[in-house]
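Per-chain residue numbering starts at 1, and chain names A, B, C and D are given in the order in which the chains are listed.
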């Protein structure tokens, strides 16, 4: 099981029946693979649909039904389509239960930077700023380090996505909950020690007496 | 007088240097014939307001490839390396706007609102230099309405009066942009007789649409 | 778990003194069974946010007749002499809001916006005491978002998940109010199986609807 | 021909092919009666429809299709329905070519009061404030006086509907155009003299050398 799969399987456990969920492009999209089809979770794509599904077969694509990355998708019974204003009314208005996004940095205040590296990569924020400002729960799904450098740091050096504190950070090494007091190490991945997580993080981590072992969806 | 026009005649109305809103999201819902014709006629110095610039060779990406665009106002350009390259070389001005804010700014422009108050972007670079308003202890950015000279939109169906309906995720910014430009040019997949789209299925009222382009149109 | 509920059980969830948004325009698009049940259960001290109070004996007028309403936020009460009489007798508080502003305030409340900037009402009594913002030489009123505890809406069809579509001028404020309340109770004319409303025809996404009332429902 | 009919017939001449028009409840609604069916004018009702028509027969009413007064109406081919936010986006956003409204007072600045009489009648502004702020042209259709008292006055004493100057005032006696310089008497009704109009108005009227005679739609 590779890093991304560990992360996606753990995030899947956070989603509850009835939730409206937005999965970011890339790693977060994998989360849907680890949910049973009868999980009762609705997925929104910010380009204007609730009820998206994986394309059952490449031959069954339609040009007018795509995900936020422009790839063809399918629709489940009960799917509904809408314009970009309503799509973000749902996101900003507190109707979205969970957003799962990638991250470049998360800091001790729980703030996220995930949309640009000045001078190097300026893709634009797309929907990320609205998603982080507006979703009821924000889950960051990212690798714990990038080329060996910590991504969980004291203070974000990259431009922030939002000043809002995210709710949970899931990496291949740990589950971390940002709180008013700081970053709480909730769980470590199977085979990973608390000391290893601390060593791979620049930010100070608050360690409960007994951190749990990270669950992983079947 | 019929609103139906050939693609060529419609694009001839677009001046060099026009401010265009173009519907679509990563190419889906971007009017394909109008884009190709803009390239064929070589309309230069365009300002393009759109969600993204898609990919090279796709949708708005074709305008970028052809070097027709002077400025882009968009939420995302990460999927188009050419846009980023031109931006870094200072050959293309790019104004990045959060996607939900872009949708509201376009809608406000078309709705006679001066703008909206949004929490999105407060405390980030997206809020720099912007007015803020405090309401009940929360800080909001004042995000100003935006308008365009011309909107190029695509639709699933038009009737001959200009009533439009859209298809699935190709809807995206199209109905918002139909509100917010002086001249609205629509490229539907089909044109049906007036009365054949039921009133509840119309998303964009005909009064907003000035020109309907059709492949075989004479004019 | 099914969202379908009897009318009685749905109304039992509404506390005395609740802030209600109620769809409709002069009675058209106001949920009839929910109104009658509010009267039957005698829910008192309500604050009602709606376009109007219709006429005595019609739609929201029935709530006025029954003396259940403490405060009305509306754009028009001129067709209901009873509303005016109670207002003049200081037995009913009435807050009058321009209709387009009311629509935007409800939409803003449901969309996570703090409010909108509108030219409507500047220099009139509707602008008194309100913040203003100057943009490009124009003065706009800051009109704040408004929300409710519960929205009572009517629809042409619901599917069992709660997707809604509306009928003609009965649509009016219903889709806006479906966005702006903690609990949304919908009264459709019919309930159809999930998948029987095509995605493009859905106006209110199912995730916004908490309860669907049906005449014969058991609960 | 009664006063209201004279006013409605004159206003009808102001509407052009392709116009989107909103007619207020009452007298303004009568304007539609004096337009040929092929006039190419679209009518909007602010409760959410373009393409309304008179009900062809009382037996053909539907509860879901009403005008802004709650009365059943019909729909023409090509009619479209929308919610109240879009309805007022059309009105406020400059998409409405003409609004025709009743009036209580119009003053020398061309400002209109038409929505309340403090202490006496407080119906609410409904859509009037948005209509007057947002329409491209505002035409006030009203009787010249009320119980003998002038309604065209120096300065509105009733609460304003908007600070925007209206574009035209049509009464049974005259057609008056508010301008930056003041109220210009454009036309007098057949059989009405300039002096009679002046006598029935409190506001100062600017009199061109030869005021026209009021046209009246067939």
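The definition used in the following text is that a residue touches a chain if its C-beta (ideal position, glycine included) is under 8 Å from a C-beta of that chain, and two chains touch if they have at least 3 such contacts.
Since the model is a prediction, treat every value here as computed from it, not as a measurement.
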{"item": "Touching both chain A and chain B (chains)", "value": "C"}
{"item": "Contact-richer chain pair [A-C vs C-D]", "value": "C-D"}
{"item": "Inter-chain centre distance, chain B versus chain C - centres from mean C-alpha coordinates, in Å", "value": "32"}
{"item": "Whole-Å gap separating chain B and chain D, where each centre is the average of the chain's CA atoms", "value": "35"}
{"item": "Rounded Å distance between chain C and chain D, as computed from the means of their C-alpha atoms", "value": "29"}
{"item": "Chain B residues counted as touching two or more neighbouring chains", "value": "104, 107, 111-113, 118-119, 156, 166-168, 171, 199-200"}
{"item": "In chain A, residues with contacts to at least two other chains", "value": "49, 75, 81-82, 85, 88, 91-92, 133-134"}
{"item": "Category of the chain touch graph - line, ring, star, complete, other", "value": "other"}
{"item": "Chains that touch, pairwise", "value": "A-B, A-C, B-C, B-D, C-D"}
{"item": "Touch list for chain B against partner chain A, complex", "value": "25-29, 51-52, 54-55, 58, 74-79, 84, 87, 94, 96, 98-104, 107, 118-126, 156, 166-176, 203"}
{"item": "Chain D contact footprint on chain B (complex, rising order)", "value": "107, 109-113, 159, 161, 163, 179, 194-195, 197, 199-200, 202, 205-208"}
{"item": "List of chain D residues in touch with chain B within their complex", "value": "20, 42, 49-51, 75, 77-82, 85-86, 88-95, 133-134"}
{"item": "Chain B residues touching chain C - in the complex, by the definition given at the top", "value": "104, 108, 111-119, 131, 133, 135, 138, 140, 142, 144, 156, 165-168, 171, 199-201"}
{"item": "Chain B-touching residues of chain A, taken from the complex the two chains share", "value": "45-49, 62-70, 75, 81-85, 87-88, 91-92, 121-130, 133-134, 159-163"}
